Amino acid sequence: MRASRNVSIALRSGEVRALAGENGAGKSTIVRMLAGVQRPDEGDVLVDGEVKAFHGPADARDAGVAVIYQEPTLFPDLSIAENVMMGRHPLGSGRRIDFKALNRTVKELLDRLGVKLDPEQPVKGLSIADQQIVEIAKALSFDARVLIMDEPTAALSGHEVDRLFNVVRTLKERGAAVLFISHRLDEIFTICDTVTVLRDGEVTHDGRTAEMDTDELVRRMVGRELSNLFPKVDAEIGESVLQVERLTREGVFVDISFEVRRGEIVALAGLVGAGRSEVARAIFGIDKPDAGTVTVDGRTLKPGSPTGAMKAGIGLVPEDRRQQGLVMELSIERNMGLTRLQALRNKLGVIGMGSEAKLASDWATKLQLKYHKLSDPVGFLSGGNQQKVVLGKWLATSPKVLIIDEPTRGIDVGTKAEVHRLMSELAGQGLAVLMISSELPEVLGMADRVLVMHEGRIARELSREEADEENVVRAATGQVAAA
Amino acid sequence: MSASTQAAPTPAAPRAEEKTSWIDTVVRAREVSLIGVLAILVIAVSLAEPRFLNAQNLRDILLNVTIVALLAVGQTIVVVTRNIDLSVGSILGITAFATGVMFADHNVPIPLVFIGGILFGACFGVVNGVMVAYARVPSLVITLGTLYVIRGIDYWWASGRQINAADMPDGFLSLATQNILGFPVLPLFTIVAMVIVGVVLGRSRTGRELYAIGSNPDAAVLAGIRVTRRVLGAFVASGAIAGLAGVLYASRYGTLDAVAGNGIELFAVSAVVVGGVAIFGGSGTVWGAALGALLLATIRSALVILQVNPFWEQAINGALLLLAIGLDAYLAMRLARELRKRSSHRV
Amino acid sequence: ACGSTKDDEESATSTPAAEATTEGAAAAGGEIKEGLKIAFLPKQINNPYFTISDKGGEDAVKAFGGEFKRVGPSDTAASSQVSYINTLTTQKQDAIVISANDANAVVPALEKAKAAGIKVVTYDSDTAPEGRDLFINQAAAEDLGRSQVQLLAKQIGPEGGEIAILSATPNATNQNTWIEFMKDELSKPEYSKLKLVKTAYGNDDDQKSFEETQGLLQAYPDLKGIISPTTVGIAAAARYLQGSDAKGKVKLTGLGTPNQLRDFVKDGTIEGFELWDPGKLGYLAAYAAGALASGVITGAEGETFTAGDLGERTIGAKGEVLLGPPTVFDKANIDEFDF
Amino acid sequence: MSDVKTNVEGDVVRTSDSGFDIKRLGRWETVTVFLLLMAILYGATTSGSDFLSGGNLNSILSDMSEIAIIALPLTLIIVAAEIDLSVASVLGLTSALMGYLWNHGWAMEMIIPAVLVIGALAGALNGVLVTRLGLPSLAVTIGTLAMYRGLAYVVLGDQAVADFPSKFTEWGFGTFAGTQIPNPFVVFIVLAVVFFVVLHMTGIGRSIFAMGANEEAARFSGVRVKRIKFWLFVVTGAISALAGVVYAFRFASARADNGAGLELSVVAVVLLGGVSIFGGKGHLLGVICAMLLLGTLRNALTLNDVSAEVLTIVTGSLLLLSVLGPSVTARVREALRRGRGVDAPPTPTTT
């Protein structure tokens, strides 16, 4: 199986080129090859017209190619500064590292990005957003001639994205060539001059962004007309299923109270770091809250017990797919079966032959999963398809309440639309959905009700009617007193 | 506009600073708390038994810790790269015997014996390193294997032969007994090795890269670090240090047969653990490791001098080891909660 | 108490001993056969002491034209000898000569061997009687225990003082029996001034023994003497004393080989120690095994056999054959021995 | 003017040992089986009748009894990405306790359950330290390795208790209903079936694999990670205690140093069986083959008077082979597959 075939991309200095394509189109694979991580079977990489054979990331770097990978590649135990300058520490007397100089350089870099992070702070305990920012700082520290960014904005919220774009523009003026990958199409139109569209590993279009609009781009990526991106059908809303009362976890969020009703999609909006994921984790019992209760259908849950939450009918599609959503090494079917272990038992109490495979293939077809074999490690799938597996394994538990944290993070438009359709379908069938999202269009497009969090509190509750960009943003940035 | 806001103050800022200050203290705290525990122990024991503090005893403690501490230093290099070297005991054993043979059968001059021993140990380090780094297989298994193989070769070579103090030059043996200004000679070797390794790990690019590898091996590759080479290097260093330890062992214990240093690797690992070097790589210092070794040695000597029933010694040793790591984890947990409570003032 | 408890075992255990004596009745005679397969199974294959003793055994076996073979574990764990016994049984050896790591653990296996018609001789360290036909005793445990105390008492002199014992592993059969006799000897009025303050265990490990000695001197500053009834222990102790300021002040005696301790005797760290000749022990054991396997003897009390250069030997009570009194080594005589 | 062009035909990296890959596992098992046959062939040809005799089969199996028994729960522990080095010390502690209680006039029928409970408690302590305090099991069990052995000496000191009732000791070295299968090994066979079902056919087994491969994801899927781990340690403790009982009967002797150093052999067997030290991968059949392989080989070699030291070397080499074999073949295949030697994605090396 080939991930990419016969692809030609030209990056000119002073140009930002977008690489667009569905999940699994082969974008990251190309990035890996440009970065010298993976060796192409045929073809070459040319820099300034001459052929370069990259034997490893180091070669690519020396050739002036800097890369931001899709998943953060940081050293949790080391300080931000060392992460940025690893292997290039400034040396003092006797070839000893000069840590003062190191921290100074990195501080300047971070200031350029306009983030207040302490260079000496270990990367451990940084939010995904801050980790992504460190990645960016690292790439910038090279003053590279070629900058490749694989979905750098996936975990960033508005102002951080803006900062990033400003930096990219300055680089561009300085004559660097930039390759930018994102599933947020508006970003592509904001920052990119040209775009290469990839489908199933082949280039299907190469042109200037100015000469096309979103719909066309989508069409070229998906290869078909794509109807409405937010197919929200209004389901009739039933009685309340999930009640959260005065839920508090010191230092993360404070008395969070809300309810979700049958057939309702409630969005939890806010800036990255507002503590939304933590609320989700607490509801599902991953973290033990310091105070407050969670009630499902009138049954109060034992705090800190995911199993209890599952029994009560809660499902959680977590924010970090690779670390929390899936066991990458296990096969697709094993991952699917993981939430259904009790149900899969036959009368002998053992798991019947192929019962997992059956479960898996059912959901694979329901979700139109692109896969090779169900016994393949789920890690072989591309981001979007992995997300489908996660959804599948939770839908298989036929939950009453489904919490979805960043449902479409790193997922292409095609799949995005599918996921959204699925969500409203489920709501239609009377499922109560709590959706956490940093993408405003998604929030506005899908939610019946929007809860906006700011610094660990629910700043405001907005009905579908009142919810518009301005209201949400003002609440999220604390420009309104809690309603 | 895609996401939810224009310029807004990132909540990170205040939090970040508090974190740093705390993290720093934690990092430093490790060595500090070890020294604290050590001090308390010494004071308590010498109150109960003043002779604990007499010169001879202190010198003996130093001498006893010399070899384990040395191994712990070597072990640290490997452990920060998220590996482990269980074969050091066997390497020490076979090098010690080799030392004996060099003196007894070929009367090699003392300096050459030291060099020879270190190189000898390094060779085994290479074997371990090549298998771990190039074949990319778990070091725990590899070094468990070489632990057997090397010890087996040792048995085979010695085949019941014993080399006694009489077969070795007095100049060599006296290293273990002589003092420079009241300070025993043998531990000086360990101290020198410790300082060198300490500086390399802490202040050189190579050293930092070792930590990086241990912290996140995949990222290390992407960062263009020559992981294979570095890991190999770490094992060679550990082997060489085990070799040196073997030579010192010979000079200290004089009687050499195939069982020398059997099981000592567990002491080395214990020392490293107590010394706060994370078993999963990425953090920890040689100073910590050495202090850990010193702590354990002091405890053992204390048990003897307090005339504890020999049958109880081992049990107490084990219990104390558990106590040490348990306490450490507990403090870490408390601190994590502190951190959260702190940041809550912001909310 | 319900079920099987210790008490109702007492009666049962006596029976095997009874058989042991009855079978001895049929006296036999004649010469040791040619080509007997005799296997030596020491405590630990790479322990220098056994290298010496088994060398003696090999000479003997050669002398009466048998096949000598030596196998054994490289660790002193109780169980590790058993699998060797099993294989030797499978190989249908004529006799097994064993020094037991555990007086009891090896017995079931040895009984199987005996059932398969293999003769079993123990040397240096005995098993429970039902496990073997003969035990070649290096020196009556009693003599050894008492004589070491006497030796030390002589060295320390009339004023007496604190003494300690540095033994092998806590489970070493013969060390423990000797120590019993030492304690008994010490209880006699003439040793009232000698006070045994501690028994330390060096586990026959050089490093451990060395540090235990250290500990003894630290814990008991006015210690006068140490008895170490094990070759590893005494060597380690000697080396520590030699290096410390206690040299000469703290007397050291026990069991050791002359080669190991020659220097210490000469520089006065040790005044005198004792040991039997391990070579002779193995030699005698081999002959006993040969005699048993050829039916010259059955193992019954009072039977006699000729053990090469060692001449006529008689089987004593409980199927024991005595090698003879231990030799005391000191400045005067140590150079006459080489083992 | 910088200008990067690519014209590439990229094939996707297949991380050769990613995931619970039946085929690859099968491959390694067949290797162990193959080696096992080789060992038997070797034994049969070099010392034929002796080797093939029933008595010898018996001694092969009985020699492995304790190792085999303990290897079962330890396999589960290692698949769950933990380790327990204290097993041999628990064995020692329990057999020492048997001796102690026996000397104090307890009935054997009382002693056996008692020591099993003690073993479980010993395991529970490991479990608590690992799951509640979140300590690395390697460190914890190195500590308890020392402590439990120490307690064994505290209990029994330098005594050896050898007057266990003959009906038990005879069971210890007797064989099962006329066959040449030693009784202790029958215990193993029964347990083996149980553990096989649990690990490979039940939800608990699935959970163990999942948490071994990625603990956090398992937790997010509602797997009771801590609880399962805790009980794994408890069971391991109890089974080690059982092994202690078997040991004491088999050698008709209870001593504080029973089974000292056994832990390394057990770990060796499990890893030799192809269980990944990182957790998440392994198969009980592999472990059983490895166990038989080791036993047969050692026996065949001793029959040919190969000395103890060489045996040590063989054990070690087998262990090396068990990890080098799969990895090297995989990388060779990788290299052949893609004409130019491409650096396969790194597999993290962990302690």
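Per-chain numbering from 1; labels A, B, C and D assigned in written order.
The rule we apply is simple: a residue touches a chain if its C-beta (ideal position, glycine included) is under 8 Å from a C-beta of that chain, and two chains touch if they have at least 3 such contacts.
If you're wondering where the values come from, they're calculated on a predicted model, not measured in any experiment.
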item	value
Relative to chain C, chain with the most remote C-alpha centre	A
Averaged-CA centre spacing for the pair chain D and chain B, given as whole angstrom	28
Rounded Å distance between chain A and chain B, as computed from the means of their C-alpha atoms	41
Centre distance in Å when chain C and chain D are each reduced to the mean of their C-alpha atoms	36
Centre-of-Cα separation between chain C and chain A, whole angstrom	74
In chain B, residues with contacts to at least two other chains	155, 159, 218, 220-221, 258, 281, 311
For chain C, residues that touch 2 or more chains besides their own	45-46, 74, 170, 201
Multi-chain contact residues (two or more partners), chain D	153, 157, 261, 307-309, 312, 345
All chain pairs that touch each other	A-B, A-D, B-C, B-D, C-D
Sites on chain D touched by chain C in the complex	47, 50-51, 53, 55-56, 59, 63, 102-103, 105-110, 153, 157-158, 160, 162-169, 172-173, 247, 250-253, 255-261, 298-299, 302-303, 305, 307-309, 312
Interface residues, chain B side, partner chain D - complex	79, 81-84, 131-132, 135-142, 144-156, 159, 217-218, 220-221, 227, 231, 258, 263, 266, 269-270, 273, 279-281, 311-319, 321-322, 325-326, 329-330, 333
Residues of chain A touching chain B in the complex	35, 37, 56-58, 61, 67, 69, 73-78, 82, 86-87, 89, 91, 95-97, 115-118, 120-122, 125, 127, 130, 153, 156-162, 184, 186-187, 249-254, 269-271, 273-274, 438-441, 443, 455-457, 469, 472-473, 476-477
Chain B-facing residues of chain D, complex	129, 133-136, 138-140, 142-151, 153-154, 157, 261, 264, 267-268, 271, 276-278, 307-320, 322-324, 327-328, 331, 345-351
Contact footprint of chain C on chain B as seen in their complex	51-52, 54, 56-57, 60, 64, 155, 158-162, 164-166, 176-177, 249, 252-255, 257-262, 300-301, 304-307, 310-311
